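Each of the next two complexes has chain A plus one more chain, namely chain B in the first and chain C in the second.
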Partner chain A sequence: MPLRRWSAAAAPLAGSPGTKQIVVARENWRARAQEIAAAGGRLMALWASGPAATGRPAPRTLYAAFVLPPGLLVLTMPDDLAHDEYPGIEEVFPHASRMQRALFDVSGWRSSDPDVRPWLRHAAWPADFHPLIHETAPTAAEEPRPDDYAFVRVEGEGVHEIAVGPVHAGIIEPGHFRFSVVGEKVLKLEERLGYAHKGVERRFTELPILEGHRLAARLCGDSTVTYAWAYCQALEGLAGTPIPARAAWLRALALELERAANHLGDLGALGNDAGFAFGLSQFSLLKEQLLRATHAAFGQRYLLDFVVPGGTRADLAPEGARALSDCAGHLAQQTRVLRGIYDEHAGLRDRFAGAGMVTPALAARLGLTGLVGRASGQAHDLRSDAPWAPYDELAPGKAGATEGDVAARVAVRFDELFESCRLIGRIVRDLPGGTHLAAGLPTPPEGALGIGLIEGWRGPVMIALEAGASGSIRRCHPHDPSWQNWPVLEHAIIGNIVPDFPLINKSFNLAYSGHDL
Partner chain B sequence: MWKTLRQIARTGIVTQPPPTGDGSLRLREALQADIREILGRALCIRVVDSGSCNGCELEIQALNNPVYNLEGLGIRFVASPRHADLLLVTGPVARNMDVALRRTWDAMPDPKLVLATGDCAATGGIFGETYATRGRLASVIPVDIVVPGCPPAPERILAGILAAIRASHAHPRSR
Partner chain C sequence: MNAVTALEWFTQVLEVITALAAAPLLFGWVNQCRAWLQNRSAPSLLQPYRSIRKLFHKDAVLATNASPLFRIAPYVIFGTMAAAAAVIPSVGTHLPFTPVADGIALVGLLATARVFQALAAMDVGTAFGTLGARREMMIGFLAEPALLMVIFVASLLSASTALPAIAEQLASQAVGIYPSLAFTAVAFTMVLLAENARIPVDNPATHLELTMIHEAMLLEYSARHLALLEWAATLKLFNYTCIGFALFAPWGTAHSETPQALLAALPIFGLKLLVAGGGIALVETLSAKLRVFRAPEFLATAFLFAVLGLLVRLLLGA
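Moving on, here comes the complex of A and B:
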């Protein structure tokens, strides 16, 4: 059946505008995914719900969310109880593979994917414990056992392995990289993640639904505003309460401050990783100035818990507004100078150009998303493709490139940084009056599903929130764009030399904590 | 090249005076006095993220920016635990990081100090002690200094680091 015909029956879901849901039978699961892929749709997230570890049990249901302009389409598959496995869609969407492996680790529901290696589970708890369906957690051994993961071996004359991590030389998050190399050339990279797994999906079910935003804000510290907004968007959709206009604008201000801070940090680090310490020193100073202006405006350097259900924790006073708008002007002016220096620096050009290449065709095939995707011709940005308030009014420009190398990812960051500076100035100038916080959010009805979807600096972040009885959380599944992009990094490094890996990795700058759940 | 030099000259020296070491952050005062004597002012730090949200990492990285200029104080982050005097740990000790954290600590030479940074390492934070996390760092390895905060500001982390080294010694850059 053509996509247009069957998807017409989809019903609207609460939360992100344009999100719809449709129930699909098991035998149609893979075919529907194929039709969506053929229509240019992209897999966003995959998760299962029930029976819950705490609260009332519910029948087991599989969910897959697809970006299908102009919105999100959520396919729902109730368990038919006749099969142990559900049909995997990893051949249609390659990045579904790790999501299916993680789904088994937490929910105990196996897909037909032949790769059955654990993903989020290491050796710390037994294979038959699935935190979202088993109430009693096993007691941990006093002496933890090391993980024994079946890496794919590359055989051949002169091939050797380099193992890096989970503890890294710099100040970064934990993850393991296994390189198979000949000389300096990388033949294969295999990632092993999950080290930062904190059991957040189970933790959500222990929190009241009106307090879950605090955990959402701590899933991925560099994207705290993005996650908290996605959570609150889902929650406010479930409660049926729109937020005041001023609150939406203040949230957008916070989101652009977050984007600018991260891009400044990355631009400095990318210069440094190519041997240009001047870049790190200059951009880290600009970032510090931005964090101080944020502190002057809202009393916080990083805006954890700034986005709260119903609006924002703090309002913007005139002095704070001036500090932010002055800072945005200063950043734009200084960044123009630094971009000129970066563009003219022969050493940087040599290291950036052609490194870590992901062609637009490969990016489309592997589902590359967010900022990194935009540098490889995947011109998707929810802020302009499916704008939510106030981005429908702000109409941000979309950055993009098609070269797909480190240089393109640097250029997209520069372009987005300028646009964020402009947006910060515009928001501060045109901020609507009124309250910044709606009073008394009602408790959402039990069993209702809401979706939050926000384009953060790294890419689209989704939160699926299912309300439980009397103000509890039955299920909350957060999805980071890094799920899409980590597997592509394994392709980007092929044929490059080992010393270029830090540079290429930094140009992706993917989340560990946000991914490891 | 002249553009780069001009930008350096225009930026000037932006480093601010460091905070004084905050002794109240120390957990094991008496035991560590001799260690502070041995280490003097210089310190090598090894960072382990035991499953933090990455918020603390951003503020630790900020210590290297020109405003805090940690290296200007003779303190630096090192790439091996074998070179480190102080282990700086963030996160609620994810059980998947348990082995790596203990091995890092074991690999450090004596005398060694441990600084727990952020609410998660201090108390387990919002994640607590679960099937996936061990909670506070002190339940896994001995902790000398705790800097709470979510995330703690760079000045607070610096005050904690400086509490690890000889407090009585007047610092050349402090005014």
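Moving on, here comes the complex of A and C:
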């Protein structure tokens, strides 16, 4: 059955504009995913929900969110209680594999995927314990020991492995990378993540729904505004309370400030990783100026807990507005000079161009998303594809490139930085009046599902929020674009040399904390 | 051979002590210049001394499977670098050690240090040590012939392979520019950068373990062993700088044996170090790090320049 026919039956999800939901039977699950893929849809997130604190058999539901040209489509599949496994969709969407493995680790629902290695579960809890469905963990008899993870081995003359991490020589987040190399050439890279797992999905269920935004803001430090906004969007949709126009504009301002700060940091770090320390110091200087302007405007350098249900924590005073718009103008001008240096420096060009190539065809097949995707011809940006207020009015330009190498990712960062500087100036100039915080959000009805979807600096961040009884959270599933992009990094490095990996990795700059949950 | 005078011995001892004491200072100076050129506030000139002192106060941790080679390598490497400092003229040229080791023996000394460094890096059997050792040998086998070629050109000009004799000969001639030396100076600078783990070949400041060359070989060392190796690294940079002075800027070194001459030579030597350190920092700031597989091209270019210098000398006599 073609997608158009069956998806017409999808019901709009109350409170989440542009989002539709449809129930799919188990036997149709994979076919529906195939039809969505054929129509150009992309898998956004996969999660399961069921009443907490009850094991099987329990009525549980599988959710998959897909981005389609008209908007988000949420497929739900109730457990038929007759099968232990649900049909996996990893052959249609390769990045679904890790999501399915993680889903089993936390929710105890196995897919038909033959890869049954744990993903989020390390040795910290027993294999038969699933934190989202079991009340208490069985008390371990002894200290957990590092487990044996079955990495895929590459055999052949002169092939050897290099194991890197999770503890690194610098102070960076934990991740393990297993390279199979011949000489310096990388034949295969396999990642193992989950070291930053801290059980936030379980923690969400213990929080009042009106306070969950504080935890959401702490999931991934560099995307705090994105996550907080996504949570609040889902919550406000559930509660049916629109936010004041000024609040929406202030949130967009915060989001663009976050994007600009991260891009400035990344551009400097990319220069530094290529041995060009001058770039790092110049961009660090600019980033510091931006953070100080942010501090002048809102009283905090990074906007943690700035986005709250109903609006924003702080308002923008005229002096703060001037500081921000002056800073944005200055940044754009300075960055233009630095871009000239980056573009014309022979040594940097040599390092950037052609490194870590992801062709548009590969990117489309693997579902590369966000900023990295836009550098590989995947021209998706929710801010212009499915604009939410105030982006419908702001009409941001979409950056993009098709080369798919480190140089392209640098170029996209520069373009987006300029656009963010323009948007900051525009928002500060045209900020609507009125209040920045709506009073008193009502408690959402039990069992309702709300979706928050925000294009952060790294890519689209989604939060699925299911309300529980009397203002509790039944299930909250945060999804970071890194789930889509980490597997692609394994492909980007193939054929490159080992010492180029840090640069390629930095050009992706994916989340550990936001991914490991 | 004339009897070695007490003053010559004094010069010799002074040379080695100057090298041991001033090497971290030169390192600190390069770091300071780099920081200034990159718009950062600079660490203190004395920072390398402080790190070395800190390391000497720590307890050494050794891998359980480390062999005796792993333990003695730091002493061998430090010793070779100190011995090399004894045969390179820095302040004066009248050195009793000169007849013992000429420029070719010097290259051999430096190679000994490299071999021990690489063996020690592979000893514990971690991936990074082996990775670093492999890359170091790739750099080394290309840099050594280039360095030898540079010394040969200078030897042709001065009819000696002993560095003090070369320095004395070149300094005593009327100031003139040898085109052959100009070519070899370029070659030597490139070798210096490659051998001392500087940008564009290696990055001494990186924390990215996959990109390291020299640092990767030191990852398993701690405390006094690491202190000696870091000190030896500063000494290596100092030695190379002094080789450069002997070959391309021999002016101002003491050629007589009087204490006055030595005293007069010291400030000039200090000034040369200042300029050289600033130059290294400038090159490092202006360039990005090369892809590892570009390093052979870089060093092949250095070799080519050295050969050009030789050809210019042989064919044109210039």
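In this section, the second predicted complex is superposed on the first by the 501 of 517 C-alpha atoms of A that agree within 3 Å, B and C clash if a C-alpha of one lies under 4 Å from a C-alpha of the other, contacts with A are read in each partner's own complex, and residues count from 1 in each chain.
Rule of thumb we're sticking to: contacts are C-beta pairs under 8 Å (C-beta built on N, C-alpha and C of every residue); 3 or more make two chains touch, one makes a residue touch a chain.
For clarity, every value in this text was computed on a predicted model and none was experimentally measured.
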Applying the document's definition of touch, where does A:138 land relative to chain B and chain C: first, second, both, or neither?
first
Have a look at where A:169 lands relative to chain B and chain C in the superposition and call it first, second, both or neither. both
Inset, instruction - Pick one for A:219: touches chain B only (first), chain C only (second), both, or neither. - result: first
Note to self: According to the stated criteria, A:277 is in contact with first (chain B), second (chain C), both, or neither; which is it?
What the structure shows: second
Inquiry  = I'd like to know which partner A:285 touches here: chain B for first, chain C for second, both or neither.
reply    = both
* Could you say whether A:502 touches chain B, chain C, both of them, or neither, answering first, second, both or neither? => second
### Task
Scan A:340 for contacts with chain B and chain C and give back first, second, both or neither.
first
Partner touching more residues of chain A, chain B vs chain C, is chain B
* To do: Quick one: classify A:91 as touching chain B (first), chain C (second), both or neither.
  => neither
Examine A:146 and indicate which partner it touches, taking first as chain B and second as chain C; both and neither are also allowed. first
Going through chain A, the residues touched by chain B and also by chain C turn out to be 169-171, 278, 281-282, 285, 345
Listed in rising order, the residues of chain A that touch chain B in the complex are 122, 124-125, 129, 131, 137-138, 140, 144-147, 166-167, 169-174, 194-200, 202-203, 214-215, 218-222, 224, 265, 278, 281-282, 284-285, 287-288, 291, 301-302, 304, 337-338, 340-341, 344-345, 511-514, 516
The answer for chain A against chain C in the complex is residues 160-164, 168-171, 184, 271, 273-278, 280-282, 285, 345, 347-348, 350-351, 497-502
Seen from chain C, its contact residues with chain A in the complex are 34, 37-40, 127-128, 131, 199-200, 203, 205-212, 219, 285, 287-294
Given the complex, residues on chain B that touch chain A span 3-4, 7-8, 11, 14, 47-62, 64-67, 77, 79-80, 91-92, 94-102, 104, 125-128, 130-134, 150-151, 153
